[in-house]
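Next, two complexes with chain A in common: one pairs it with chain B, the other with chain C.
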Partner chain A sequence: MCSPAARSRTLLAALALGAAACRGPQSALDPAGRGADRIATLFTIMAVGAAVVWLAMVALTVFAVRVHAAPRVERRTALFILGGGALVPTVVLTALLVYGLALLPELVAPAPAGSLRVAVTGEQWWWRVRYPGPDGRTVELANEVHLPLGQAADLRLDSADVIHSFWIPSLGGKLDMFPGRTSRLALWPTRAGRYRGVCAEYCGASHALMAFAVVVEPRAALDRWLAHQSEPARPPTTPLGARGAALFLADGCGACHAVRGTPAAGTLGPDLTHVGSRHGLGAATLPNDAGTFARWITHPESLKPGVHMPAFGMLPPADVRALAAYLEELQ
Partner chain B sequence: MSPEAPDDESNQSLWFVVAAPLCWAAHFLVSYATVAVWCERYAGRDGSLYQARVAVAAYTAAALGGIGLIALAAWRRYQHGGGTEAFDADTPLGRHRFIGSATLLLSALSAVATAYSALTVVFIRDCH
Partner chain C sequence: MRRHWKKLLAAALALGALGMIVAVSGVIPVRASGGHWAVTEWLLHFAMRRSVATHSMGTTAPRLDDPAMALKGAVHYDLACSPCHGSPAQRSPRLARGMVPPPPYLALTLGQWDQAELFDIVRHGVKFTGMPAWPTAGRDDEVWAVVAFLRALPRRDAAAYERMVRGDTAVTVVSAEVPSLVVDNCGRCHGVDGRGRAPGAFPALAGQRVEYLLASLEAYARGARHSGMMGPVAAELTPEERVTLSRYYSGLPALPATEGGDAAAIARGAEIARRGVPGARVPACASCHGPGGVERNPRHPRLAGQHAAELALQLELFRQGVRGGTSYVHLMAPVARGLTRSQARDVAAYYASLAEPR
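Entry: the complex of A and B
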């Protein structure tokens, strides 16, 4: 047996671990946006409310069974059952319900006019993202969303196939994405940083592998990022990359993927114009490096079951390396 | 609703027990449909919910009124025969009183549930 001191140290460590688990890029308990902040408070109040009710019930049970295990006056008992069994729960539930409902108008209010508008379409199993470009034209990106710090963003959400759900736990509530209907979600990030968004509605085999990177940064930095992202791809600078660029077109990748500034203009899969700059691959579920590019190209199915991209395992390894080098250069 | 001779059970109906929950269900359904149709067909995404809220207020008054009447009838049943016979007794009067008490309790629950449904439009004032 361990000593009491050791035991309390273990307990403290466990508590600290538990508290640490509340932080991180994808925690509704560590809010970095207005919506998430309200929801975290709501959660705390509901959890404390539930704990108080539970403790009171346990105390009553102990009282009835242990402390005062004697027959009671029937009339008083009836009153007690009515009060404790019906009246008190109704009052407690009403209070919690009113508090919860009172939060709703703010959480569902649309973003103020003039907010940055970001359109996101859920697709099995990735995210098509559209921003208004600096010249007014729409810029199509994928699997990464940048939001302005301290400002509202007006997200327009829909789906290309089945129902998905858009959720950045650190920033706000989740909202379903329906085919044929645009839902609006206002997010108001309050802390700069990198977060993680996920699909929160089961949508098929790789639902759990459908994430996206979220970057919250000051508006000026965001505008610089967006200006860069809206530029066409830079031509490869290494011979290997140049060979990869030619293979990309020759192997038919351009039928599904667009690389702006090249003849590749497919729209079935994610835009790859600046794929090398993304914070992850395969919808933010894999590291972004040459090795992963090679694995993704040769057997995407093993990284993402059911993926709607054919495997190119028949390509000679040298070609795969060239393609990977090219994609990495698409910064 | 409360027959004079409880020992004649031929005209007793269990539907009485579910009448109050049915009021709640009808209130829920009609409120939901009204708000959905109002927003989709008339007010639009950013429209005000005002007219639909007035309608829901009217439905709520009607539903609570109906539940109140049912509760009153249930109370009478419960008190039938001076309210002395045990209401779980295996007799016509016992069953009569039992249905009254069950209906009375369900009426209370239905009234609370109806009020909870209506609370939504106290806070939500527009369609988005």
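Entry: the complex of A and C
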């Protein structure tokens, strides 16, 4: 048996754990953007309101059964039931509905003109991300979205195959992505940091492995990042990386993947021009290192069931290491 | 009534026991030298004809009038069928005369069968005879090629037959440097010059990469690439012979295919080869197969100058999921499934038209 002190320590630890689960890069309860803030407030009001109603109901039950267990006056009881069972809920729910609906215009309002525009296409099971580049041309990358701190971003969402749903819980609400239709979502981040977005609509075998990294940073830092992303890939500097670069073309990787600045110009899979700089691999579900690249090249199916990429396990291990080194160098 | 059943049961058991005694004693001859009784032979033959007729119902023959098709069947017939069924040059092979039933000389008996029945026999073989089933599943196109040749067989005299089954190995003066296997086997289809015999019946091998040729021969030999024609041939080669043959054909100068395609089809195929069909998840063919200045993995076959019919056939086999091959083969199947049949023909026409040295 635990002592009372030990028991209270355990309880405290559990509470702390519970509270910690509310923080983190992917939590609607720890808002870092205007939309998420409104939604978190709405959630708090709803949760507190529900708790008050529940406590009141429990108190009434205890009162009726334990404190004043005696016959009631029928007429007063009928009035009480009518008031407490119909009138009060109608008033409370109407108030909550009006409050909730009043939030909607702000949540669905498009971003003001001139906001940074980001196009995101959901594909089984990754995200194709396009930014307007500094020179006016589109910069394509994958599975990573950078958003300006304190400014609105105008996200244009669509899908290449099935219905997906774009959700960065820390920054705002979710919005479905439909093939053949572009939806608009405005996000207004208010706290710099790294967050995590996910697909919130079941979209196939690897739906749960379809995430993306989100970075909120001051506009100047974002512009520097975007300028870097818009550059062609730098040639590899190590001999192993250089061998990997040649193998990348020789083995036909460029059929599906683009590495700008090289003949590889495939469009079926993610653009890999700066893949080494990303916060994670396999749609932000795996660490970004040479070992993961090698596993992905040889056994993509074991890391992402149903993936379109064929396995290249037949390549000699030395070639796989060189390819992995090259990809890691694509900073 | 009950006693009646008991008697019947006892009689059946006694009959079964008698049969076992006869079988165990070994007095029944299975010697081919004795042949069948006339009645047994008639019964077996009748049952076989009925079975073939019934099982070939519902089989529809494709068009068999393509001369390339009959040519393809011809060489296989000479290598695999003629040792038992004979040919205009050797109507009744001595060894086969001792078989029971004796393999018929087909030029004389073919008239009894329609095309679907011939297909059924060549595809599935015949039990209680020496007729084997086709060595691999999924290659009905090869079986039909044999049927196409059989339809042409009765009209051939010995000299015409020889020309058909030996190609230029029968007439060309062959230099001593050519491996004898090429003259006796490979060259009869693929040509001593590696161009593949006209008109596009057989794949051109000249200038193909040695790694790809060797890996493909090995795949045929272990059954990973399916062909009733190539499989048995490749399986009989020693590893050294496979290397010699791959080097020989790889070292020959490649020439552009001669068949002129429709210019519009070639242009459409070129677009697919360069850019793929992104909407159908088809990547650019050129990324793995060229053309282009990049050094490519030698396990990826070169396609430039290959016969259009051969390329279209391979794409179709990939689409049907019956094209095995080397350890790289799984890369192609989803690509081929993304192409429509007419797109596949366009791509084939494009690569056939390429004059790029391989």
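Here is the rule we go by: the second predicted complex is superposed on the first by the 331 of 331 C-alpha atoms of A that agree within 3 Å, B and C clash if a C-alpha of one lies under 4 Å from a C-alpha of the other, contacts with A are read in each partner's own complex, and residues count from 1 in each chain.
Everything below uses one rule, namely that a contact is a pair of C-beta atoms (placed from the backbone, for glycine too) under 8 Å apart; a residue touches a chain by one contact, two chains touch by 3 or more.
The shown structure was predicted, so the numbers you read here are calculated from the model rather than taken from an experiment.
On the superposed chain A, the positions of chain B and chain C stay apart, so the two partners fit side by side.
Annotation for chain A, partner touching more residues between chain B and chain C: C.
Seen from the CA centre of chain A, the centres of chain B and chain C span an angle of about 100°, rounded to a multiple of 10.
In the superposed pair of complexes, A:310 makes contact with chain C only, with no contact to chain B.
Once chain A of one complex is fitted onto chain A of the other, the partner contacts of A:266 are limited to chain C, with no touch recorded for chain B. Using the contact criterion defined above for the overlaid structures, shared-chain residue A:102 touches chain B, although it does not reach chain C. Legend: residue contacts after superposition of the two complexes on their common chain; A:252 is shown touching chain C, with no touch to chain B.
Applying the stated contact rule after C-alpha superposition, one finds that A:110 touches chain B and leaves chain C untouched.
When the two structures are aligned on the shared chain, A:69 is found in touch with neither chain B nor chain C. Closest contact between chain B and chain C, by C-alpha atoms in the overlaid model: 27 Å. Shared interface residues of chain A, touching chain B in one complex and chain C in the other, do not exist.
Residues of chain B touching chain A in their complex: 45-46, 108, 112, 116, 119-120, 122-125, 128.
Those residues of chain A that touch chain B in the shared complex are 86, 90, 94, 97-98, 101-102, 104-105, 108-110, 184. Every residue of chain A that touches chain C in the complex is listed here, in rising order: 246-247, 249-256, 263-264, 266-268, 308, 310-311, 314. Looking at the complex, you find that chain C touches chain A at residues 276, 278, 281, 283-284, 287-288, 292, 294-297, 300, 327-328, 330-331, 334.
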